[in-house]
Each structure stands twice: as structure tokens, then as C-alpha cells.
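Shared chain: chain A. Partners: chain B in the first complex, chain C in the second.
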Partner chain A sequence: MGIADELAKQQRAVSIAEFFERNRHLLGFDNKKKALLTVVKEAVDNSLDACEEAKILPQITVELIHMGEDRYRVIIEDNGPGIVQEHIGRVFAKLLYGSKFHSQRQQRGQQGIGISAACLYAQLTTGRPAKITSKVEGKKARYCELRLDTKTNEPQLLAEREVDWDCEHGVRIELDLEAQYQGGSQSVDAYIKQTAIVNPHATIIYTNPKAEQLILTRVTQELPPQAKEIKPHPHGIEIGVMQKMLENTEHTTMQQFLMNDFCRVGAGTAKEILSNALIQVKAQPKSLRAQDIEQLMKGIAKTKIIAPPTDCIVPIGEELLEAGLQKEVTAEFYCSKTRTPEIYHGIPFVVEVALAYGGTQRGDNAVNVLRFANKVPLLYQMRSGAVYKSIVETGWRTYGLNQSTNQLPVGPLTIAVHLASVWPPFTSEAKEALANYPQIIKEIKLALQECGRKLGRYVNKKKKARAEQERVSVFEAYTPVCAELLSEITGESKVRIEQHMTQMLVKNKEFIMKNKGIPDGHEKEN
Partner chain B sequence: MGIADELAKQQRAVSIAEFFERNRHLLGFDNKKKALLTVVKEAVDNSLDACEEAKILPQITVELIHMGEDRYRVIIEDNGPGIVQEHIGRVFAKLLYGSKFHSQRQQRGQQGIGISAACLYAQLTTGRPAKITSKVEGKKARYCELRLDTKTNEPQLLAEREVDWDCEHGVRIELDLEAQYQGGSQSVDAYIKQTAIVNPHATIIYTNPKAEQLILTRVTQELPPQAKEIKPHPHGIEIGVMQKMLENTEHTTMQQFLMNDFCRVGAGTAKEILSNALIQVKAQPKSLRAQDIEQLMKGIAKTKIIAPPTDCIVPIGEELLEAGLQKEVTAEFYCSKTRTPEIYHGIPFVVEVALAYGGTQRGDNAVNVLRFANKVPLLYQMRSGAVYKSIVETGWRTYGLNQSTNQLPVGPLTIAVHLASVWPPFTSEAKEALANYPQIIKEIKLALQECGRKLGRYVNKKKKARAEQERVSVFEAYTPVCAELLSEITGESKVRIEQHMTQMLVKNKEFIMKNKGIPDGHEKEN
Partner chain C sequence: MDTKKKIEELAKNIIEQLVQQQNPSMTVPIRSLSNVYFDKKSQTLQIHENASTRSFYNVNHVRKFVQTLAVAAGSKKLVERDITVSIRDLYYNIKRTLPNTKIDLLDSQTESDKAIEDLEAITGLPRERLGLIADASGTVSGKVVIEDSGDTIDWSKLGSGGWAIPSDVENITFKSVKAKYVIYMEKQAVWHRLHQDRYWDKHNCIIMASKGQAPRGVRRLLIRLSEEFKLPIYVLTDFDPWGFYIYSVLKYGSINLATQSDTLAVTGAQFLGITADDIEHYGLKKHFIKFKDVDMQRIGQLENYDWFKASKAWQRQFKLMRSYKAKAEIQSLSNRDIQFITNTYLPEKIKKQQFVE
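Here is the complex of A and B:
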């Protein structure tokens, strides 16, 4: 038998679960500290998504219990709609299974990997099954113990029974895993606090392993508007995807196909595309050959089509983003900007930026950066993403901060950047940083500049005012000497002269403060 | 119907191909320039692996043809063993299919994603199928046109026939894709040159889109030794993997299981593990309950077991690595170090470092870094990997270079780092950088230090010699004046005195050069 045959015998399919089992760092399980964060993040993100979809004001309980050595128990409970019995296994113990991948709408979750990866990690490191309780309204609660069979990427049900659970609906997840608990900017604590900033409609009750409880109460009773689903826009489609859509469409004429499987294509636009492509309106989508499809792509490129609708994305809004930042950072000046939606690869997105300056923040360090995508805080890989690139490439010296070339500016400033999109492009499955798409970087920079200009006006006013004040102070220091001299010359009482001079100085200061806008510690520009 | 039921209706499985179709940047297809490199890299890596496995001295032809606008045709031909007919479809048009994932041995490829992803990218961007010709020794060549059905992750055969191909065996791949050709350190050109450095047994014939041909002839007729396959080492196994191995073993007693499914476990070690774990030698692997498995893990941890064998990894070797570097970089001093194998997570690995100093290299720039993993050059994400971290955290000032804290050193130096391992931990599926595992960083640093010390001796000698030389030169400048003075005092002829002094100086210089080791431009320390 030849070598080619021998090699052929070794060929095998790899299950996606085996793949991620070995490449767990791709999913955010590089080390024990990050693993703890990733597990909490995946569960909380799912809870927030489910509540939003079911129009429920979320209340989420997160509890971390130290079980000794490197073992932690993570318990997460929500008041979401629950998961119907038949799906529990696949939602928690099958990778690439979920409702979000095929829907064109802004959501926290994307591809049906996260929570199953968390269960898989727990299973790998402690051998313990995931314990899930789910209650759907009007039904009894179900309790399951689950494992993921990595050879097949299918769930194994180890136990299942009805249980009593004193709530209307919701899901409870209990996982034992190898982990490490630590504070700091990449901790579960930071994640929980930042999640509250961008989800002002959620109440989160968090108990850390030291049994300290943090209750973050919702600040609005209003649910955020729901993101609508959209169909793909013709200008964002690649030829390979078009081929697939043509094969799978249920419509029998090209005109119907274009009008129904895309957004922003009416009868007129469809006709124009087809005439530009030299394809008949009644041609069957499935009958198009390779060269016809190339013609079709050229036809689409030639045709003007209105930009996609943007109700598929829901920004946080300037007011709420700024309010959220005020909760977290004690500053003296805040401002924010929500840009109008833009498009990359046919996918709509919105960039929002908020700044908080001064106050209790240290002035001799690099600025503090908070990054969010679809209302989820991003805590890792700061330097490798679009947000970092946009900030270091913005000229902050114009706005009164110190900055070396290609470095973060230095000063008492917090910069929060939020990207809302149907499909935020992350640099890895662990969803830690936004990929460097030029269109996204451009929008972030524009938002930073708009806020930066407001900041610059404030910082420069403050600097000028301080300079004037210093001049006045110098004069003040000489008051007694001047008074004595004047007293000698005029014979007037030294004390009276000094009083008079001081009164003048005070008036002068008030005048400066009024006209140069010295901050009173609560000023807010908008 | 409740909201939970409605949500359940949207739940669907995502095909791995759909997942990567949308997340192509995870596989190295972020942009058109990188896409071209990735396609060439995946094909050439596969060719080198196949030739190595079949004990064939590789000859690989790479041709890039510009087809107009952003379209390029990539043709790669090798003299490997070929692929048997039944497997061609799945090798080139099914993700996660291959022979390498389940073998514990050093290889370039890993998970059966790369070349299928390349074909998928071509199909997405140009709609054209992959054209594959394969010839197995003694059979007629087969030609196929392939597409990957992303909904199912299965190959579609569009055409297939016997063809005449004037060679004994090999594979030819032809792909049309959207790409961009550019020179520079991240180009196909750089990849080809660096591949030749670390694969001195390969001949590569490369034609770029300008029709310029580069022929890199093999410098050794000797095949590198073949890496042997190994079984997992007990100390590198996690509890979740142990569970799976216990379920899937064909052995019926625990002793047999430990002896046969792991490396470095003989009868004695197996008994010791089991006695430490309080498990009977004849217990059935499949009968172990969760708490028994936890006991087993503790038993393994308690037992001393020899380190895994290291013939599963094959370093390049100090001599060949240095010779490779000499081909690429014109320097005046070279040195290299191959460390002894080490273990992380039960996986053996070897670090090799080579340095090239001086010569035509510029001295006012950051040093040039070449990174390799399993004989594959890594061209992207330099700053996010273990190699960069190791270099910037090494104190290069001791070795005579300039360096700011946490920056690359500055000087006329090229640093080449190679990691050979059964499973190099990459930071992404695109295999661009090595993840920051502490054990790997430690080994790289030690290798850098060993080479660094040799470099330091050379650089410091050179500096001292230069200082002496300068002193002599100063004296030389005064020779005529001294000679005149001495001539006046002694009455001796000025010319004779000057001649005499010059002779003395020359001797002195020779003496300095001999003792301080002034380089003659070709010196090589080893």
C-alpha cells in the first residue's frame, strides 16, 4: 500500500467541541482568573438578552463561592422567560447552537458558543456537570445535570427532574470550575459595575467570594427599545454569499428574490438591478450560472440603493451613557455623543462616546478607557482593538491633555466608547476587542473629536482662569507691603487701606470666575 | 404560546463553516493583503508536512498571477505523495477534517482548517471553485473542481475527471481570490524566504505577480528526522479529559488503561498511581464514578513519573538555524542555541534562538525579529505573543545594545526564535503568534540570555578594541610633531624618527587586534 493510502487512513473529522477543548484560550479561558470572568460574563449576557427579548426588566443574581484551593462555584439566577425543556441540553451543552447567529439584530450573544463553552470548561477542570434549573411561566421548574460529549458535540443528560422553585420564570445556572478570584480592572467586580453603567434598566445583585454583597439597582423602569431584525443589504453581500442565497431562496423569480430576501429593494430597484445586470426579471434564481452571478454583482454595484434601516440597532443614548458614567466616575465635567448610524460591509452600526474629566481622577496617569460592544463591557486586549487605535491616533494635545505620539493621552480623564451593531466584529471568539475595520475606526475618531472639542474648551477655560487667578494671588501676596507704603505716603490707616484693597481683589476674582468659567465642581456642559 | 416557546422556535445549530464564513478574520482573512499570504502559507505548510511524512525531499512551486483589479490566481504545486481520490473533497472543502488533530506529533498543520478555509475564502470572494489535481504513485492523476457547502460543511464536487500530469506524484492547487499583492515584512515574498531559512531541505520556486522568479535551492539533501507520535503524559491531563479517556478506552482494567493509553507508565508506575488513588488494579475504567476519578487525579499528582519522551519534536538544530540565518542576513557575528526540551501541560517543546549582529544591518532601528513555530514563519501579531514579551523583558543593555524599558532593543541585530512542539499554543486559529504561557516565555528568555552573553562578549570586545584603536590614532596624529621635536633634540633625521615611530604603532595595533579580537568581518563565535 502506498504512502498516500496510509496518510488517508489517518484522516478524520474533528468535532468542534474537541477543537475548542484544546484551543480554550480562543474562547477566553486562557487562565484561571480570566476563566472566572468569562463564565460570569457569558451567563449574565445571556440573561440580559433573554430578558430584553421577553420584555422583562432584568433582575440578575451572581454569586461566587470559594470551594477551597482553585475551585469556585458560580451561581447565576435570572428572572428571564426560562428555557423550554427540550432545548435546555443543547443551549448549555452543545457548541454552536442558539437563536442569535441567524438573526440580523443587535444582541449581546452571537454564535451559540459562550455558555456551552463555560459548561465545557467547568467539566474539563473539575469533572462536575452543569446544574441548570429552568422555569417557564405556568409550568413546573425543571432541574437538569448536563455534560457535553466532546466527541459528538452533543449534550448528555445525567439527571433530570421536576423541582419546586419559588419564582414565576427564570433560569438558574450552577457551575464548579477551576478559577482564581482577583480584583482590578479585569475582574468580575469591574465587569459587574461596568455592565450596570450600560444597562441602567437592570438590577444586579452580586456576592463575591469574600461574601461581600453589591446591589446595583436599576435607575430606569423603562425597557430599552427592542432592536428589529433586518434582512441583508445588497451592497454588503459578497458573491459567495449571493450564490448561497440564490440556491436557498424560496422565491421563483429574480425580482421576487431581490425584493423579499434583501432590505431596501422595492419593485423598481429590483428591475433596475436586473436591467443593469442584463438578467431577466422572471429568471429563476436557481438557474443562474457562475457568469450570471458575476453580472448580477456588477448590476448591484451599479445601482443606487438607499442605506439599510437602522432600527436593528439601539444605542444607549447620550443621556443614559453620561448618567451611567456619573455613577461610576466622580468628575467635574462630563459630555457624550451618539453618532448617527453608519454601515460597514452592509451592516449598520452606531458609535457612542462619553468623557468624564477631573474630579477625583489622577492627572499623572494614562487616561482610563472603558470599552463596550452591544452593552457588554470589554475588559481584555485593550491595546489590540479599534478603540485603542482610535484613541491613540486622536490628537489630544489640542484638547489640553499631554500625549506622546501613538500613546494614550495622560490626564484625569475617563473615555467610554460603545459600539452598537448587528454584528460587532471581534478579534476573537472570546469577544475581547473590536477588529480594526477602517469604517469603525473613522466613526470612533469622529465621536472622540466631537467630545474632545467640548473637553478642550472646558480644559482651556480652566487653565486660563487658573492663570488669571494666579496673577491675582501674586498681587494679593503683596497687599500688606503696598498698604504699608501707601499708608506712609497718604497718612491713611494701614488697616483701612488693606481692607479696601482686599475688597477690590475679591470683586476682581468674582469677575474672573464669572467670565472665564471657573468650575464650581458640578458644572456640566451640554 | 409563551415567550419561552417562541424563543425556542428560533434555536438552531450553526455549521462550523457558517461560523467561519462570518468570522473569517479569525482564520487570517482580515484583509486582502493578508488573505493572499494566508492562502499561500496554508498550501505550502501542507505540502511540507506531506513531503516530510512521505520522506520526500520537497520541491514546491508557488505562482501568483494578477487577473485584474483585486483578483489573483494562486497556483501551488508539490511533489508530495498526493491525496487519494476519496479524500480530496474533504481535505479541501470541509473544515475541521484532517489527519493532524488527533496525532501527538510536531507538524505544521494542526486542526484541518487552514486549506479548506483558503478554498472557502476564494469561493466567497470570487465565486470560483477550487481546482485540485492530485496524483498518487502508480495511478492516473485526478482533477476536481470543489465547493464547500457552508450550510452542511460538506464538499460539493462540481467536476471530476482523469487527467494527464507529467509527474510521479504530487498535488496542484489553483484558487482565484480577492487579494492584494505587496512587498514588505508581512508579504508572501518574506514568507517564502523565511520558510527557506528553517526548511533547508526544501527547494521552493516562487514567481510573484510581476513575473519575477525566485529559486531557493535546498542546501541539504538530508531529510530532517521524523517526529514520533506520543501518547499523553499523565501529569498533563485534566480531569475532564481523563473522564473521556476512561469512557473510550478499549482496555478493561485500570492498570492496562494506564500502561497503554499514556506514555511513561509501566506496570510499577501504574500500580503506584492506583495505590495512591486507593483504586484497585483490576477495576474497570468504565466503572469509575466521579469521586473515584477525582481520587485518580490526586493519585497521579502524588506519583513521580519520568518526563515525556522528546522524540516527538524535532528542532532545526543550532548549525542549520545559523546557516539559514547566514543566507538571509549579512552580519559579522552569528550565534545560536537549541535548548533541551521542556514540558508545559504535559506537552514537550523546544526553544531555539539564533542571533546575527552587525554587517549591513542598520544600527539605529529596533532589532529585526524573526519568529517561527514548527518551522513555519510567523509574520503578524508580533507584539502580542510570547516571543515579543520574552525579548522586551530581557536586559539587552548588558549585551551592549540600547534599550528602553519594555521596548525592543535598538541595534544592528536580527533575533530568530523557533518553537518546536507537539502543540504550539497560538493566540488565534490564524496561527500568528504564540500565547503567553509562562513556561514557554521562561525557555525563550533563557535561550536569549545564552546567546546574549556570547553577543555581549563580542560587542564589548569590539567596543574596547575600538577605544584602543582611537587612542593609537590620536598618538598617530601627533607623530610628525613629536618626530620634529625629537629630531631637534637628538639631531637624528626627522624622517627616520617618524618611520621608526610608525613601525612601533603598527606593531602596537597588531598587538591590540590580536588580544582584543577586532573583527575581520567574517569571524564566527562558537
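Here is the complex of A and C:
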């Protein structure tokens, strides 16, 4: 028996580390460059969520320090509500812990895997513990050093003490990890800038490893409205989640379970589902076997249920999204559109699009695409996601841009697409791209088209103005040659002829700009 | 009025308008079907008064305006030096980039060619008088002796190639012309057959050919032979709308050059073949080439030209061609025998004197 116990323990120890190794790519730790981004991203997302929940205007400091070779220190500090002492260990050093996993509310994080995975990555690559300081309002700040015990998936407290921290509340995380710092469209820099665009209420102070500091100040003092929590809608539940919900419910009959743990299910609907599933109304949720659960899923699919309420979605809003974009992209024309909520697979969502055209942006490259889900920038896997598909399938030529079939349009344009949802459908656990659901693509395209039409009007107006200017310059271009030829034929002074021509042009400039030339009484096209 | 004066007048007029601070313009006769008419008296195409105005201060005109001036200036220089060049030479001669821009005054020779046509229409002068020569022309042979630029040339002693007709034939003199008629054909290959068979020798005639539409030199030479020696001109083309149109342009003038019909229309030309009747009589149907849509369209246009409208014989030809929905080449005659055209077809046709008129 002793040996068996030992083996079981070993088995478990292997599985935590192995779990991480096997799922590195799913968790966003494929390589050193991406790992750095993921660590920052998880910490900042958590900070923003925490502040929002506590109704605090976020101020977040991000600092990256190069420690030599491929070692970096990441320090992230927020002014959030802080974490109570008892929870610190589990939040940072226990995989799959977190309040978010079963919650049906629009939030940045989802699985409660992110920050603890970041700490584990740091621990596995450098052996250093995570250093956390937390201050809850009215209490002393506490500092602790944490490790995750890979044998037990339990936090290990290496050091803990009270410290002085000159702030009301907040959390400070310090992690040492193997990483690589690089600029570009998938860098921490890009992530921070884009985060500022979709979180116009946040101030972010970012110092990169080259000690360059970027201060992104908030453009609004208003907190975004808090997303309401909703219970899951039966049509939006997958079999695995259903299994967990059945296990954890406090209700003792299936009818009660369906009525109380889901939205839009009354007694009648519950009975209909159960009769469609051939399950007894009074059956105990915990007693359902695997085939019963399958029956239940089929029963739900067969039953018509009212769509879930949509007031649980909080978009950024057209004005703020535009203001955010203005802050980060220097352009000459901005527009935005927030669509009304829609449903995919029983899950409500809202699509928002903002465009920034012209300015300092280069006109000979493919447009700059910024993707966001629940106010989080998506930097990887652009081409496999719904946003890319929607953009390339939209006809941008109508709106004055160049575009080849099935390609991104070319022009001085930034397209920002935001999807807000209780449960954004990602293509993978690393939350890198939105899945190609037809309902989502349709909504994105509609939003793109609405913005595109506004853009088209602007671009065409601009083209017209340019054409007006060009009309005058066409005559200017042909004047010298014309004068020279006339002089050559007649022997008269070229300079004098040119003077007459210039005088003529100056006199009629305004008229020429609006018309195709100067009338000559009996104009007729050839 | 001579060329130099006309061009100078054009330019002076433009400067005068500039001094008056008016939009300088030139008047270009419109050369389109809607602006030409068939003059029954002269039996040629003539141009109406309608002209378009081309102005400098008009974004749609300015480029052509300056191109036309450039051709005019180039042409004036040529005339002054008393030399002639090809239209391609002129293109290179006047080509330039507008100062301080990336705009070329001419992007291709097509543009200068168009400007040359415009200048011809504006001044009413043929290109020969603008110091230009048209492209290489056609071929001729027969018992004729001429003098050209001091050289004596015998059209019957020029080997297998014949005499290449220059674009300007105004200055040649005829020393002796022993011929009863002239056959003009649209195909060099058919001319070659007849020349090798010494058709002109056996039948006492002149044979002349070009590739497709007859160029100026050919047309002027035909006119001179017709007017100065009263020779009948027989035209031989393919049995298709394009062949019929070659005859039409030769006899009545072209829409594009309607301003010069008086000097370019070979009013005495007679259409010998290939006719619908030849198709039936010589059994050429098996060599038919099926019509394409454009062929059918072209027939529709030809039918409605005034000069063809008035002719029952021509309407009959169009109707038959329409019913065949097919065309045939002159060379389809070779199917019976390579020398069939020499030995049978032409002697028979000319003996019968049956022309489509």
C-alpha cells in the first residue's frame, strides 16, 4: 500500500508540471516573447477587472526590467481593492482557482487560470517565487512570497510580513521570468497601447526594458457601467459545464435545478425540457448518469426557450471607443458604431467597430487591425479569427480603399473591432482569436459597413477636394510647353505668352476648381 | 494657302485669344458617322460643318490641345526644311516630359497619330503636305513605265516583288501605260499568285494590292490611272463585311478622312468579287467560315450606310450574306485549282462585266 500511495503522489506531482508543459501553448506561453506578453496581460486584465468590480478608476503601473540574458522582472501595481490575506495564496499559486469560472458575467478573465499560470511559469523558468504585496482599505499592507507546490497544487508561503505601503489599497506583483522583449505588433508595448484604447477610464504608466516611459492618461472620469451577472441560458451550455452544474447545485429536483440555475426557464419550460429529455421532474440532479445528461442536452435543444436578456452586456460605447482610438492613433477622421445586442448559441454579445483614417498612418500598407474581446486586446492568430474574416469579406473599395479579393484593404486606416460578451467564443484557451460563428461575423460585417459608409463619404469628399486642386495644377503643368510651342511657331516671346496664360489661370482659379475649365461659349465634348 | 501659313495662323489665333483673356481654342471638324453625309452628286462622303471646339482651359481638352500644337510645330519645321518623315519619327521628335512634372506629353504613338489626324482635319491638309509619309504602301505590276525622282521604272521588269508604291505618288510621271484595266485586291498573297502567273502580261492589265484597307498612295495611284488614262478599276475582296467595306472606303471615301474625299475617293472603282453569286456559281459554300457576332453587327451597319442603302444590288448581297451567316476568302477559289483564279475566275468575271453597283 505504501508504494501505491507514493506512486499516486508522484503521479500527481508530474501531472501539475506536465499539465503546464503540455498546455503551454494553450495558456499563451509558447515562447519567451509571448510569455512576457501573457504575464503582463494576465496581471493587467485582473487589475482592470478588480477595479471595475470595486468601482475604482484604475491606475496601473507596469514595469519591465531586464535582469541580464533572458531574464526579466515584471512589476505590476494597481490601485484596486486589494486581496484579503486568506485568498492571496490561492489566487496566485493554485491553478484553476478563481471566482470567475462559473460566473456568467462579462469580464476580462474567464477561467481563473491566467495569473496563477503566470506565477507558475515564472517559478518553473527561474525558480524564483512570486512576490505579492496587497493592501485592503483600512488595513496594513501585507507582503508575501509564494510558490506553487507542484505535487499538491497548493500554495506555499515562503515569507510573509506587514509592510508600509503608501497607498490606500491595491496589489503589487513582482515576477522574475525567462522572457524576450521585442517591439512590434505582438509586443507588450502594443498590448498596453491597445488596452488604453478600450479602457478609456484607465490610466496606465508603462516603463519598458529600455527605460522608456509611456504615460497613458484616462480620457474619461466615468466608470463603465457594471455588467450584470446572469445565470446561464440553457442553449448556451456545453455538456461539461452542465455536468459541473449538476454536481454543484443545491437544488434537489431537476425542475428546481433548471428553474433556479438557469435564466429564462420557468416551471412550464422546465417541464417541457424534462419531458423532451425523458427525465422525471423530480429526479435528483446529482443522480443523473452520463446517458441521462446526454438526453438532457438533447431535450434542451428540442425546447424553444426565450433568448437570454441582453442588458448584461456592457459595450464601451461609440463615443468612448472613438475617444480611446483618438488617444492612440493620430488620424484625421474617426467614426464608430456600437451594434445592438445579438445572441449566438444562447449567449448575448455586442459588436463595436471604430475606424481612424488618414493622419500619420501609411497609405501603402494593409490596414492596421485592432481586435478586442471584453476590452482585452487580441494580438495573436489574427488570420484565423472572425474579425479578419469579416474585414476581408467586406468590400472596402466602395469606401475608397484599395483591396484585392479576400485580402485586407490597403490604405491609411486603423480598424478596431470589439466584442463584448458574457462568454466570448475564442478559438483556443489562450484567448487569441474569436471563433468564426456566423452570427458574430454577420454583426461585425454590419458594424464595419456602417462605419465604412461614413468613411466612404469622407474619403470621397477628400478625393474631390484633391481633384479640384489637381485641375488647376494640370493647367499649370501644360502651360510652359504650350507657350514654348506657340512661340516656336510664331516667333513671339515665350515669356509674354506664358504671362498671359498665368494671368488667365490666376483670374479663373476659383472657377476652375469647381468646374472642368473655363467656358468658351459653345462648349462641346469631342 | 500653304502649310506653313496655315499652322502659323492657327498659333497666332490662339495667342490673340490669350491676349484677349479668352479661353484659347481650336476648331476641329468632327469625324464621325453622324457628321458625314453621302453627296449624291459627287458620289463621295462629305463632311458637315459640325466641328468641336478644343480649348486649353478644359481638363478634358488640354492634353490633346497641346499635343496638336506640338504636331503643328513639328510639321512646320519639316515643311521649312523640305523633308518628309514617318509618323513614328515625328512621334519621337515631339515627345517630351512637361517641365517639373512626371507627365509625358505623349504616352504612345497612338496619341501623336490621333493629333496628326486632328491637324489634318483642322488645316484641311493631307499628311503628305504636313511633311509626313504614311506607312509603306502596296505593290503593283503591269506593262507600265514611270519616272520617279529621276529614275525610270518599268513595272513589268521588277522580278517577283513588283514595285512598292510610295505614300506620295503625286510627283511620278507616266512614260507609257499599256493596260486595258486595273485590278485592285486586298490581299498580297492573291497579287503574288497573279504576278507569278504573269496575269498582267496575258491580259494586258495592271494588278495592284495592299494589305487590308488601301493606303493613300494606292488610292492616289488608282485615281491617277483612272482619271489620266480612263482605265476601269476592278476591286477584288473577300466575301465578308470587312472586304465590302474596303471597297466602300476606296470608292466613296472614309468617315475619318471625309474632309479629303475629293482627292481620295476612287469614284470609278467597280466591285468585281467575291460576290454571293460567285459563291453559288463556283460552289464556294463548302469553304465558308462561320460568322461571329461582330460580323453580323458589321453587316447591319453597312446595310444602313446611305450609299449602300440606295443600291438594290448591294442590299441583295447583304441579304444573302446574312442568310449564309458565313463568309469566304478570295483564296477559297484555290480549292479547285491553285491557278483557278488566273485561268478561269478572273477572265470569266471580266468578260461578263458583271459588277455589283
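In the analysis below, the second predicted complex is superposed on the first by the 377 of 526 C-alpha atoms of A that agree within 3 Å, B and C clash if a C-alpha of one lies under 4 Å from a C-alpha of the other, contacts with A are read in each partner's own complex, and residues count from 1 in each chain.
In this section, a residue touches a chain if its C-beta (ideal position, glycine included) is under 8 Å from a C-beta of that chain, and two chains touch if they have at least 3 such contacts.
Only a predicted model underlies this, so the values are computations on that prediction, with no experimental measurement involved.
Of the two partners chain B and chain C, indicate the one touching more residues belonging to chain A.
Here the partner covering more residues of chain A is B.
Considering only the touch criterion stated at the top, classify A:K442 as touching first (chain B), second (chain C), both, or neither.
Neither partner.
Could you say whether A:V84 touches chain B, chain C, both of them, or neither, answering first, second, both or neither?
first
Once the shared chain is lined up, is A:I497 touching chain B (first), chain C (second), both, or neither of them?
So A:I497 only meets chain C here.
Which of the two partners, first being chain B and second being chain C, lies in contact with A:V474: first, second, both, or neither?
second
Could you tell me if A:G127 is touching chain B, chain C, both of them or neither one (first, second, both, neither)?
It touches chain B, and chain C stays clear.
Would you please give the residues of chain A that touch chain B in one complex and also touch chain C in the other complex?
In chain A, nothing is touched by chain B and also by chain C.
Write out the stretch or stretches of chain B touching chain A in their complex.
Listed in rising order, the residues of chain B that touch chain A are 2-5, 7-8, 10-16, 18-19, 21-23, 25-26, 30, 50, 53-55, 81-84, 86-87, 90-91, 94, 96-99, 101-103, 111-112, 120, 123-128, 136-138, 150-151, 169, 238-244, 248, 290, 293-294, 384, 423, 425, 427-429, 435.
So in the complex, the part of chain A that touches chain C is made up of which residues?
471, 474-475, 477-478, 480-482, 485-486, 488-490, 492, 497, 500-501, 503-505, 507-508, 512, 516-520, 522-526
Inside the complex, what are the residues of chain C that reach chain A?
It comes out as residues 7-8, 10-12, 14-15, 18-19, 21-23, 25, 28, 30, 52-66, 69-70, 72-73, 76, 96, 98-101, 103, 105.
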